[in-house]
Each structure stands twice: as structure tokens, then as C-alpha cells.
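Both of the next two complexes hold subunit A, though its partner changes from subunit B to subunit C.
Here is the complex of A and B:
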């Protein structure tokens, strides 16, 4: 399997483990569906937790200049582009 | 820079000191323009009560000042969910739009309105709602003199001269309103005009404040302080003068972590919408809560009562629904006396969640529990008829999704239970209660990734036991077994049988061997199954069944020290 596929799965597991989504497994996360609100139903606290996890796992520091940085969390696809572009480890 | 009470319109007290503030910061000079725009917009509108929801502190403050100047009352919804706004819209004279749609030419026409000398201190200033997460949020009106005395107490304890305030919490609630917007407004201190919920934004704001020679003051909450990342380069950024936390209890470890990271004192404020501020502490120095200036405390039977000028009826004793222990110079908080949990600073009624769930077809009864986990999330134990009990991962997932979506129109996301346990009857102890120990057992698999999910058990007699279980999706043994088709390894099933047998029957002794072991079919993650255990002279017999049929059966020989069997 490609690296791309592996990262998708890795991110799904990161979300599930970080947010303790016990009833969700990787196949439940549609890469293009919204992670917040509708879709996976994540909330503002989850956004903080995910920010921490991205930093720990990939050394990603989110842009400081705008609240919109959390738009990277709009969907798994968006999150994956962020990780691909900005990971340092 | 001196403190000007709200009734003296501090926002019209533009002072000469025009430092070059970064974009999006607000001071009374930059506010005037927006206030005038709102005044113009309001000029031909009815008087009375106006619904005000703005996510940006700057625009919020401008609209609020315009309402007050024009003798109107601001009604602040706790959240902006359509249901909330629609419900409240019926109770007010109008709803303020996102922005006033006044034309540029009219914006200079300030003759359209008059600016009063002073406001009536006994007039209602704002109407607040306790929480968006309870079915019947309590509506609370605050007069100007209540707000002004509380702001005066803040300014006595925590003067803002030379400071710039950065708020991470909503000003639609009393704590964010007073600490993040009104106090800087009255003190003539600049404050950041956009929401600043996340740590990456916060660090940038600290730098901006520092560059403008302002000592930053952070208005935050446990939700944010407990999740401050280490590696953001806090050591390079200006030290805040202080960091406020309120809305829920901040764990000592998180207070210490924040102080170490930001190198600033973390001050917690304790209070409620009804009572206003009650007490404060710096937990790293002293865990005892000390009354705010003007607040008189009394303790009776472990409950806290107070009189304070911040209350609607300052002369009457107000009973706070928290359990306390009096201490020298103050008190310690022991927890709530009612069935409300605090999730991310929001009051959540456990009774309400249970009622909402019980209204659904699938649920006979629900018991919502505050698991007191670090993530602050709620768990719920749902009693359902056999027809609705989920037996596979897919059905369980779909049921949870349905129940969550039914709750979502009544509850905010953070208030929705995250951990669900479906049972055919509530597990109970000898007194017939679902006690703390049983709750721990129902949710033990959250922290123990080797254990099956326990959902209750039935003892027919002393030698047999039938246990309802589920395979947690995050069971550690599933990993790497078969990646595309995860199953519970057979040895794990045997191990579970042995462990649960010793929990049910007591210590059974040393493992001596397995007999008649048969694996019939695989057991998959998310599957609900029963483990039937029978005590035998020389060990146990067990069977594992599910709706799919039999999975595994066998006998385990076990021998206690000095025992003769084997």
C-alpha cells in the first residue's frame, strides 16, 4: 500500500485514539466528510486535543495568525494535506 | 487610566494615550466609531429588550454599549444554535444583526442620537442564561449596579493599568463578559477584539501586547489551560501579568503546568451566573478559596450561603448548590450538591440527558455518569429491551449515532455523552444501586485495553456465572493479528475466562492446563457476547457465545497451593 494510504489510516487512528471514540473504527471516517458538527460530531474540546496530538506526533505547529488554522480540521483530507505539508518528524 | 463605572459610559471616555495597537485590538477610541454605527442603526428601532449574539468581542462590545446608551437591555443567549435563538427571539423586541447596515454618509450623522450623561444604576443592563446545555436554561437579569460593584471588586484585586486583555472564553457568559470585556472597558485597557480560543493564536496575541508595551492578562478556562501545548515557544513570548481561569475547577496539576509554561500566576474565580463572583484563589500558593471583596460567606451543613452586592437581592442569603468545607480564611470546594456536571465550563444536567434518552423508542432507562476522567466527557449506561440491544459493531455504532443526533438538538456537542454502555438491566450492588464501583467496572475498558467491556452478570448459584461482555474496538490484542479482518485471538478468550472466573469465584489457584478446548468461530471487535462460567472441583468450565452462535468452549485446570486436585 502507498504511503498516502498509510497516512490516511494513521490519522484515522490518531483521531480515534486521541479522542477516545470507542464506537468508531477507521472505516467509519469518511475522508471528505466534516469532522466537526455533523459527520463525526467532534467539538471545540476535540479541536484542542487534536492540536496537541498533531504537535506530539508530527511536530506540527499550527499557524498562529488566525483562528482559521483550525480549518485544517475540516475533514480528514484537509488534515492529511496539513500533515503532509508541515510534518517535521 | 482610572476605573470608570458602566453607568458613567467608560466607552465615551476616550483618553489621549493612543498607542499604536496591532490590528484587531480594541480600545475606547477605536470603539467609538462602531458604537456610533450601532446607534444609527438602532435610531428608528423599537426600544426594550434586544437579543445580542456576537462571536467577536469588539463588535459585541460596540453593540452592547449602543444598546445601553439608547436605554435598551441586552439579552445574551448562551450559544447561537438556531433553536436557542429562535426560542429567545419570541421573548424580545428585536434581534441585532451581524453588523449594522448603515450607509457611510449616515455614519457621520451623529446628530441622530444623544449620548446620555449617565445610566440609571438600578436599570436592567443584561439578561443572561445559565447554560445552553440544560433543557430549561435559567434566565437572569443583572442591573448596572450589580455589574459595577463586581467590576469595582475586580479592579481592586486585579488592576489593569498598563495591561492588555486577551480573552479565550465567551463574553455571552458572565465570567467572560465581566473579566474579558467589561473590566478592560471600565479600566480603559485595550482588549483583543477577535475570538482567541486556541493556543497558537494566544501566543501571537502575547507578542502583540508585548510589542505595544502592554502587560498581557489572559482570561481563560480549564478547557484551554489543561490543553496548553509545551512546545509553542512560550519562553520567547512576553510574560502575562496574570492568567484567569473560571467556569469549572482547574486541576492543581494544570494550574502548575500553566504557571511553569507562562511564568504567570493563575488566578481562579469561583462563582455562577446567579451569584456572580464568590471567591478566588491562586491554587499553586493556597488551595483555600477566599471571598471576593464585599462577599459575606456562611456555612451550614456542608453547604455554602452568601450575601453579596453582586446578587439580585444583596440582603438575602443565597444558597450555592455546591458542597464546601470551611477553612481558615475561606473554604474548600467538595463538588456539586445537585445532579449537574460541568463539561468544558458548561453546566450539564444529567437528569435532562437521561430524560431525553428515555423519550426515545430504544431506551427504557438511562443513567448518565460523570466519569471524572481527564477528558471531562460523560458516560451513559442505557437500559434497552433485548430487541434494541446492539450485538454487532455496526448496530451499536448506528444506535449511538441515532441517540446522539436526538440529543444534538437539545445539547451542545461537549455535553453529549461520549461513552455508551448498553445493558438489559442496570447492574446493582447488594443495596440495589448502581454504585461507584459498578460504574468503574462498566467503563474500565477505557483505560485497560486488555480487558473486555463488562456489561453486567448474572449468578444463578455459587458455582455458575453468566457475564455479558463486548469486544472493545480498541482492544490491544486486535492489533496486527489480521489487519483487514481483526479478531480476538483464541488465547485471549481463554485468558478472559480465567480472569473473570477469579473475579467471580475468588482466587482459583495456579494454571495447570486446558482441556477440551474448541474454537468454533471467530469473535470480532464490537461483538457482544456472553461468557458462561462454571466452577468445577479442579478449575472451571467456560463457554463463549454470541448471537452468531458458539465461539469457544473449554475447561481450565487450576490448583490452589496445597490443593490435592490436579
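Here is the complex of A and C:
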């Protein structure tokens, strides 16, 4: 549980730092809310930036055009499942 | 949310645009001699090392990026123009603004900015030595009249030179023309 919690917080910080979300606190990110469009309100450039950060941090390579990538980025929970399943470092 | 993509110079530029064109109704002309030299250099260094470059930084590396962000955040749908003119930016802003004015736009906002110059470039180009931004709201028939005459020596004004002139520290501003402000 605590490992899960740590990864949740780590991913929130990764999102905030990578995307320079200056006025967002980790507690502001609802794990089940949409990251893009509604919810956190990220855009397509943020998606590319986040993809690059996942590659650097966890060695996860994603296809920018694939439909499954869209699903992985749907919410923080989805992103966390992706990292747990596919991280190589 | 988009503001986070701008550096201090970009933020100051957007603040001035919002102040001088609150209704998002005027054509906007933004000039910068060097643009975002700092982030561009960072990207070039990344490429040199074989590192991936940041998509967000790349998206902001075009000369019209600040106007683009401003137009999205303010729903501005009038003409936008980004200029770099090798030191002739001030004159170029006025030429372009004049074109829009004689086309019938009631006012044009011109903003002239320079970002910080990375130390790597010091000594290789002219730079005011600090990040700086100045803006003007230009019309054909209101406000203080602006006249152009032939200068004794052509000069390349920076935003700081323009600010000093607008503050009244200098009687005229030399660019490709000698610009003087009359009384209202």
C-alpha cells in the first residue's frame, strides 16, 4: 500500500515538475479525474512532454499515435497502472 | 494554464498586450531581435549530446510563440505578426502597424522585447544587457503625434532605448528614421 502511495505521489510530482504546473499541488490532482481536456486541463503538447518523461524516468516507450496510449493517459490511476506494468527502471 | 509555457519576457509581453488591447480587438505586432535565445540554445545543446528535446520547449521555439499563446488564452482573432529585423525592429513595428491602420483598423498594439542573452552568446551580438519589453498602442489620429525624419546616423534601438525615449530621457529615437513625439 505504501509503495502504491509513493508511486502515486511520485507520478503527481513528475506531472507537476515536467509540465511546470506552477499553481498545482499534488493534493490537487484527483487520481481518477481526466488529465487532459477536462480535469487537470492538459493539452497535446503536455502529452508528448509526459511521454518523454516516462521514457526518461521509467524506460517506458509509447507510440504517440496508438489508441492504447490515449487510455494510459486517461487519468493518474491509468498512468500508474502503466508504470507498474511496464517500468524497466 | 498556458502561461506556464512562457518565460518572464513572454509573460511581460502578454501582460502588456492584455493591458493595451483589453478587448482583444486590435492587430498585434510583436518584435524581438533574438527571440527566445536561451531555450533555443538549450535545445541545440541537447541535440548535440544526442538527448531528446522537450516538446513543450520546441513548440515555444518559433518566433510567433508568445503571440500564439496570447491569442489562445485571450481568444484574440485579429491579425498577429511576429518580427525579427536584425536591429531594425522598432521601425519594422511602425511600418507594419501603419499598414494595418491605413487598412482601417482603429488601433494596433506593437510590443518590442528581448529575452535574456545566454552567456555563450556574449560578445557575438548586440544586446541591451537585460531582458526587457516595451509596448505601444498606435492609432492614426489620437494621442501624441509621431514624426519621422532622416537621422544623422542610423541606429539599432533596443527596448531599453525605446523606454528611455518614451520616458522623455532623450528628445528623439534614432532607428532607420529619427522618431520624435509631439504634444497631444
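As a convention for this text, the second predicted complex is superposed on the first by the 83 of 89 C-alpha atoms of A that agree within 3 Å, B and C clash if a C-alpha of one lies under 4 Å from a C-alpha of the other, contacts with A are read in each partner's own complex, and residues count from 1 in each chain.
One rule holds in what follows: a residue touches a chain if its C-beta (ideal position, glycine included) is under 8 Å from a C-beta of that chain, and two chains touch if they have at least 3 such contacts.
Bear in mind the structure is a predicted one, so any value in this text is a computation, not a measurement.
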**Request:** With the two complexes superposed on chain A, say which partner A:17 touches: subunit B (first), subunit C (second), both, or neither.
**Result:** first
**Prompt:** After lining up the shared chain so the two structures overlap, which partner does A:28 touch, if you call subunit B first and subunit C second: first, second, both or neither?
**Reply:** first
**Complete:** Larger residue footprint on subunit A, choosing between subunit B and subunit C, goes to B
**Asked** Can you list the residues of subunit A that touch subunit B in one structure and subunit C in the other?
**Response** 20-22, 41, 45, 48-49, 52, 55
**Fill in**
Per the touch rule, the subunit C residues reaching subunit A in their complex are 1, 4-5, 52, 54-56, 59
**Asked** Taking the complex as given, what residues does subunit A use to touch subunit C?
**Response** 19-22, 41, 45-46, 48-49, 52, 55-56
**subunit B to subunit A touching residues, read off their complex** = 194-201, 203-204, 223-224, 227, 229, 231-232, 344, 375-377, 393, 396-397, 400, 404, 408, 412-414, 416, 418-420, 446, 472-474, 525-526
**Complete:** Listed in rising order, the residues of subunit A that touch subunit B in the complex are 16-17, 20-25, 28, 37, 41-45, 47-49, 51-52, 55, 59, 61-67, 69-70
